[in-house]
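Next come two complexes built around subunit A: one with subunit B, the other with subunit C.
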Partner chain A sequence: MTSPVVLRTLRFGTPLGLLAFWWFWSNGSESLYFPPLSDVLDRFVEVWTGPAFRNDLVPSVVRFVVGFALALIIAIPLGTAFGLSSRLRRDALPLTEFSRSLPVAAIVPIPLLAFGPGFGMDVSLILFSAIFPILLATTDGVRGVDPQAVETARVYGLNMRQVLREVILPAAMPPIFAGIRVALAIGISAMVIAGMLSSSQGIGAYVILAQQSFDVLGTWAGLVMIGLLGIVINGTFLLIQSRVLAWHTGWRRAAKEGS
Partner chain B sequence: MSTTTNKSGETVMGNVDDSDFHPIDQHPAARERVVEVSGLSVVYGAGSDAVHTLKDLTFSVDRGELLCIVGPSGCGKTTLLKSVCGLLVPTSGSVTVAGHAVDGPPPEVALVFQDYTRSLMPWKTVLDNVIFPLRAKRMSRAESRSVGLQALDQVGLGGFESKYPWQLSGGMQQRVAIARGVAYQPEVLLMDEPFASVDAQTRAELEDLVLELRRNLGMTVIFVTHDIDESVYMGDRVIVLSSRPTTVKENLEVGLPVPRDQVFTKQEPEFVRLRTDIASSIRSQH
Partner chain C sequence: MALALTAWQSLSMTGVVSPRDVPSFTATMRALASDVQNAELYTSIGHSVSAWLIGIAIVLVVAVPLGLLTALSRPLYEAMLFTVEGVRTIPSIAALPVLVFIYGISPQLTVVLVIFTAVWPLLIQTMAGAHDVDPISIQTAQVYGLSRFQIFRQVTLPSALPYTMTGIKIAANIGLIVAIAASLIVGGEGLGALIVSAAGAGRVDLMYARIVVTGLLGLGVSTLLVLTERRILRWHSSQRIGR
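On to the complex of A and B.
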């Protein structure tokens, strides 16, 4: 058994160690493509306190939030309906299977034609890429709810809407959160790709523009920001999850100890 | 055991004098039928694959009575309970609860399942598990809370209301499920092998708890079990079901004095005689 102290040291020590390694290894580097980390960080501060903050970072974040929120608003009710009705599930299966097999990059031309580069296109790409993991997770989660929990609620006089709110959705929350986590990762890449492929605005566009103008430090500064954005989004998600699913953690621990 | 013993047992039952028999003191003369099951049949599937689970089942339960239903495993006891609480539509026959034909979960009925881990919601606290049915009926937060706390007190779980079910032992979790049934204030409480998954000591405590609750609240209880001793110990009357296709095989009044006692009741000749009758009746169908 590995002690918690060792685990915690590894958890926080590993990224810090890697950063330190990068710092010392690149220190005094003469390479054009791998500039010293200190220079990258200087440039990072300079870029993201400058106009790029308003022109690239803010639009990217806004589009991500809007696209992802739309994905949640559509996928959770739709997935619930799929989970409840085997007929609906069967009828929609060919369409969902086809759509979720399409890589984000492959469908770029369609929103590009429909909306032109910019807000509408970025939002629809993020929406399209994030919707399927949430849809499938919700479908499976709702299907997997213990029928006896539903029967209990029905005997105690709950109508279908109340059963949905009191039993089915809370019971399906753990798988739904797992789906959201997958969707977040895919949604972030969609956000970057959308910018890189077409947009004149956004964090992806900033990185591509810097790369095309041989601004290596700028490219690195953009990449660091994308990584940081990922950490912040994931951290926010974990915070919400630990609140909403607090019971689940305790319940799983109790089940493990009991067996 | 042969059928003859069984038949003589029935004859003796028929001769039981009403004067030795005290079903429930609160309800002397008035014999109001609160549950009536008549000609109930349930068939799963159709044609040559059809499985006849229940076949022409008829019985009734008086108000305030504790009726135990006992039968061999797989005899459709759960199917019967599901028909009474409106979760299952019978193939033919009818169930009436408090004068209304059952065509969905009747508001007068509450159910305690065998498996508390599946019928208690792990995301709800103990109190919320007890009162969510009341909240769904639009009872105010304050009122449902006080009803819920009182029910938890009655099952001996005062002070545990803000715990989660999975923080409690198995016996305590089943007490939460019983409290939910009590808080719902049903006319009929159905219990589906409620103590089959707890240890013997806890089981005895829970049996006495249900008897005490029934005495204090005057509820009608239908108690399904596969345990013969439990059925005689708990019941005012015991119905023995046959194996599939299930029919009512025996209908025995239990003339044991109340309150029952885990040690002394089980030494009474009447207790021994009844359990022997029931055991031979169940065994004779194999």
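On to the complex of A and C.
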């Protein structure tokens, strides 16, 4: 068996090692398309402390937050209703299945035409791409709640609203969070794609314009920012999840140790 | 479903939304009917689907063995875990502009983008499956004197398979999204470029028709994958009837 110290070194060391490798390998690189990482980082600082911060980064983040919040507000109640009513679920199934399989990229021209490039287009696209994973996860999560737990709660005289709040939603929370995580990844991609296609404002627009003007360093600076955005958004989500689901993981650990 | 279609039709017919932005259902179907006689539609579908298939095939060959290998080597698992978790939070579409520099607007561009997108979810799922094997099953197999290789083949592999199938479904679906997004954004040959060309020509009905085609393609792919999963995992409890 390998010692825990070695394992921990591998776990944290490999990503850092790869970054270091990139730094040294690209150092003094003459390649046109793989500039030295140090130059990329210099450009990164220069770009994102400049006007691009206010013109591209802030709009992208605001639109993402608004679109995603709307997706949550719509998908969780709707998914709960679908989870509770098999009739509703059956009626909506063809529509949700089709919309869910629709490759998000294909619908970009619709909001582009309907709203024109800008806030409305980006928000509606992020909303559309993020809503289905959350909707499906909520439906499945609510359906999967132990019916005995619901019946027990009813026997103890809880009304339907209390059952929903005290029993069903907490039990459905872990799958809902799994769905939100999937939606985050798709939503971020939608945000970038929307910008790339409309080329007006936003981080996607910034990189595609840099690419079209053969600004290699600028393109890399945009790529690094998108990557950073992805990592920060996911990190924030995991932090919230570990807070909200603390009872769940705690309960699981207790159940494991008890058995 | 019928209700939604009626709503669509009546919305554009009564002029609540302008037919210039949203054509009626019947207009879209008429455009679709004429477009299915158009050879360009099929060559574009062919370009998108073949780039997607090649990319997914490469991902399968790389990610599944590599993910399963982590069941045998703990150091390999530890070395890959954070790296893969970190890289997959980066939206792969961000790589598109840099890839355009390297490959130009070409089929290779789409293939590479599909690989970059699809490899992470499949790797993560396979690694999770390879590590979520019931320890009691492994101990039982050891007691019965099975070799390490036999345990890998008879215990770890079947137990990881449902995770891998989930990974394949996710990888195939998001791979298709970026395959279409690539030609949508940078042009070239593919379904995405075809949608943009309809929009550029002011043929909104045709644009909607082609989006419907893309949706049907996505639906076909998902359905095929679910059926494959059902077949391969017939023996597994998650697929048994009554659940």
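Rule of thumb we're sticking to: the second predicted complex is superposed on the first by the 244 of 259 C-alpha atoms of A that agree within 3 Å, B and C clash if a C-alpha of one lies under 4 Å from a C-alpha of the other, contacts with A are read in each partner's own complex, and residues count from 1 in each chain.
One rule holds for everything that comes next: a residue touches a chain if its C-beta (ideal position, glycine included) is under 8 Å from a C-beta of that chain, and two chains touch if they have at least 3 such contacts.
A quick note: this is a predicted structure, and the numbers were derived from the prediction, not measured.
In the superposition on chain A, contact is made by A:197 with subunit C only, not with subunit B. More residues of subunit A are in touch with C than with the other of subunit B and subunit C. Of the two partner chains placed by the overlay, only subunit C lies in contact with A:98; subunit B stays clear of it. Residue contacts after overlaying the shared chain place A:247 against subunit B, while subunit C stays out of touching range. Applying the stated contact rule after C-alpha superposition, one finds that A:230 touches subunit C and leaves subunit B untouched.
Against subunit A, the residues of subunit C that register as touching in their complex are 1, 3-4, 17, 21-22, 74-75, 78-83, 86, 88-98, 100-102, 170, 173-174, 176-178, 180-181, 184-185, 191-192, 195-196, 199, 204, 207-208, 210-211, 214-215, 217-219, 221-222.
Those residues of subunit B whose C-beta lies close enough to touch subunit A in the complex are 85-87, 105, 107, 109-111, 113, 115, 118-119, 121-123, 132-133, 136-137, 164, 166-167, 180, 184. Contact residues on subunit A toward subunit B in their complex (touch as defined above): 146, 148-149, 151-159, 162, 166-167, 170-171, 173, 247-248, 250-251, 254-255.
Residues 1-2, 6-8, 10-15, 18, 32-33, 91, 94-95, 97-110, 112-114, 182, 185-186, 188-189, 192-193, 196-197, 207-208, 210-211, 214, 216, 219-220, 222-223, 226-227, 230-231, 233-234 of subunit A are the ones that touch subunit C when the two sit in their complex.
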